[in-house]
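Note that the chains take the letters A, B, C and D in the order they are written out, and that residue 1 is the start of every chain.
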Amino acid sequence: MKNKLTSAIEAVSKVKDGDTLMIGGFLTGGHPENLVKALVDTNSAGGLTVISNDTGTKELSIYQLVKSGRVKRIFASYIGSNPETGRLLMTGEAKVQLFPQGTLAEKIRAGGAGLGGVLTPVGVGTVVEEGKKKIEIDEKEYLLEMPLRSNVALIKANKADEVGNLIINGSSRNFNIVMATAADYVIAEVDEYVKEGEIDPNHVNVPGIFVDAIVKVG
Amino acid sequence: MNNREFIAKRIAKELKDGDVVNLGIGMPTMVANYIPENVNVILQAEDGILGVGPKAEPGEELSDCIDAGGNYITTVKGASFFDSSLSFCIIRGGHVDITVLGSLEVDQEGNVASWMIPGKKVPGMGGAMDLVVGAKKVIIAMEHVGKNGSPKILKKCKLPLTAVNVAKTIVTDMAVFDVVQDEGLVLKEIAPGLSVEDVQNSTEAHFTVSPELKVIQV
Amino acid sequence: MKNKLTSAIEAVSKVKDGDTLMIGGFLTGGHPENLVKALVDTNSAGGLTVISNDTGTKELSIYQLVKSGRVKRIFASYIGSNPETGRLLMTGEAKVQLFPQGTLAEKIRAGGAGLGGVLTPVGVGTVVEEGKKKIEIDEKEYLLEMPLRSNVALIKANKADEVGNLIINGSSRNFNIVMATAADYVIAEVDEYVKEGEIDPNHVNVPGIFVDAIVKVG
Amino acid sequence: MNNREFIAKRIAKELKDGDVVNLGIGMPTMVANYIPENVNVILQAEDGILGVGPKAEPGEELSDCIDAGGNYITTVKGASFFDSSLSFCIIRGGHVDITVLGSLEVDQEGNVASWMIPGKKVPGMGGAMDLVVGAKKVIIAMEHVGKNGSPKILKKCKLPLTAVNVAKTIVTDMAVFDVVQDEGLVLKEIAPGLSVEDVQNSTEAHFTVSPELKVIQV
């Protein structure tokens, strides 16, 4: 069995120029702060695309990442909590594309689930429909939203076992679960690391097959 | 009692026992403070909670228990946690009975513009677009006029829309309107001491007056 | 709080002529046998559409239901375990429509999640594509699969609390979870019934808002 | 050793340490019996299990632990359970490394016909269509010829297809073929005691012979 346990620095060294990154979390909740900090401090990859619900808050390292000039494109649903992302949008220094939160979650899920896209009624009649295919079914219009995938996903969990099974508690689940399914390389920052067999198979939120690297923090 | 409290108190009376309710950030969140004792509603937070309770006491904050506004909260008995994917199945799938949200503008067709002021403020739509499209009933909570006294209830929204034809009830410090399909705004209630003319003077939209026009009770 | 606890007979009395029924389970696993038995024994509604992964096995009451002449249409992915369903398909006594298992799960999920449909590569180039819209994206073909919903869902869980939160263990989860999201009236057969607050919010597989009636068996 | 054991044993050698593997019903299930001791694979069952272990001993069957064939099974350390929706995200989303399935016919374009004989046997496709489209590698396990000696490896499948151009390796009691994109079948291995001519006489499809043709070792 491959040992998935590694350091934050080693794990984030997977991120290369031009990569697309998914970063889990909802504001400060379930945010993989230690992984993002390692990425900011020890990795110099540029031309990145970041997919994140909200690009975090000023207090988190993702603020520094967004500010570093290394991010050329951002997909998010809400950026009011990170003024730097707002600035990039206003100045055009990065391409910031906003999606309804449920649409963003569905796009990521579709990427992980091998779907070619999903039809959602959300965004019809708004700027969200710009550039998207509209499909009418039974006299109701839907937008065709295409899947999102990434090279690397940085996610946060409470507990991992040796095979990478994750438990994510409470409101920290948010985007961490779908993102784990939609990246070529998934790095999980965890508070607790236990032996194989110590997580009840009924309580696994992310099966270990999705997780490539585990970084124990704290 | 200030305007915001007045509005929140009036909206609280719209909630029925057993309703699943999502309260937006700001004034809508205040609605929770005024729910009658004999009415048990289930509060949803779109980051992944059903059964949101009061805010956490200082020192008792849990990192895995924050609401969609980033506040540390508690949960009530019978609560459940889930990820963003299921959260928006709940929202977009019509499993939320009532959503209350603030808005910049609303118009007589029920169109809502709540999420951006081009060139000025682009915080992102977050979950608002999904909520107004998916919830069974959309209640708009806002002060009747802007800071400069300009009407916010318009014939046609000028700002970019959140969704088309979704508002069902509009509650302001001056009035309560229902938005009736193919009929437009109907003035149902009016704040104590105001006349219909007062409301009309502060409202750009056309509206009819309900034959059962009442004074707002809070 | 509404009391959701009821008897199997009372619960299945919700099923009316012409209804569409979802029935959870995968072969014998997680199959709501007591609810189906009550439906066969005490309810005479006809012209039913049944949505089930496999329509169970000969030993289960669903075999009697399928045999009763009350079912005019069946949506399933596998029927080799229920010879009566195979007979109905061969004779044309009922319209039996087969979907790839993952497609069936996605269609039900889409129904519960308010999506207008999903695009799947599964079934392209086979009889499954008959009558379906094909959409080409980046030179790859997908089938547009439309959502499924039902009037009533019969599902099986291990444990319910008073508000209807469900725990479903092991391989019995199968279709029970998605079906709970996609029906107007959801009846859960459970082995164990506990007070509100006795299920850890982190362990809920189906939030109580989806569940209308609970039938305690055994 | 009978033909089925021979085929299962040969296929077992295709599995690599760490592979996520889904074994179809029948002969493919037998592959699990021959996996080398130093190779740890993760067996998936599409009803919602990762980490399928040996069959349950008599008297130790658990109703919440059955595989996709309806057998009571055990799970290994590090297993996880999930619902049909996530199960087919795993399958269709490319997270299964190898799927092994039996087939009625396979052809030189990699088309597979495994699920129905019109007018005779229509058990349904179950999860087979999703598996062959989604898995990274599809291995077909079948006896080389039908009961009447008729070839099953054809120029073009005659029966309704399971999927188009998906088979990567075909293992029979006579031979092992790879299906190479734009090239067709390549004979890689041949059963002990047989000549290429023997294989050709029992095969309708055109194939080329690998310059490194070997005898099948089991």
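To be clear about the criterion, a residue touches a chain if its C-beta (ideal position, glycine included) is under 8 Å from a C-beta of that chain, and two chains touch if they have at least 3 such contacts.
None of these values were measured; they are calculated from a predicted model.
Of the two interfaces, B-C and A-B, the higher number of touching C-beta pairs belongs to A-B. Our note on geometry: subunit A versus subunit D, Cα centroid distance of 35 Å, whole angstroms. Computed centre separation for the pair subunit A/subunit C is 32 angstrom, with centres defined by C-alpha atoms. Each chain gets a centre from the mean of its Cα atoms; for subunit A and subunit B, those two points are 29 Å apart.
For subunit D, residues that reach two or more other chains under the stated contact definition are 49, 81-82, 88, 91-92, 133-134. Shared interface positions of subunit A, defined as residues touching 2 or more other chains, are 106, 109, 113-115, 120-121, 169-170, 201-202.
Contacts between chains form some other arrangement here, matching none of path, ring, star or all-to-all. Per the contact rule defined earlier, chains pair up in contact as A-B, A-C, A-D, B-C, C-D.
By the touch criterion stated above, subunit A contacts subunit B in their complex at residues 26-30, 53-54, 57, 76-81, 86, 89-90, 98, 100-103, 105-106, 109, 120-128, 158, 168-178, 205. Contact residues of subunit B toward subunit C in the complex are 17-18, 20, 40, 42, 49-51, 75, 77-82, 86, 88-95, 133-134. Within the complex formed with subunit D, the residues of subunit A that make contact are 1-2, 109, 111-115, 161-163, 165, 181-182, 196-197, 201-202, 204, 207-210. The part of subunit B that touches subunit A in the complex is made up of residues 45-49, 62-68, 70, 81-85, 87-88, 91-92, 111, 119, 122-130, 133-134, 160-164.
Residues of subunit A that touch subunit C in their complex: 106, 110, 113-121, 135, 137, 140, 142, 144, 146, 167, 169-170, 201-203.
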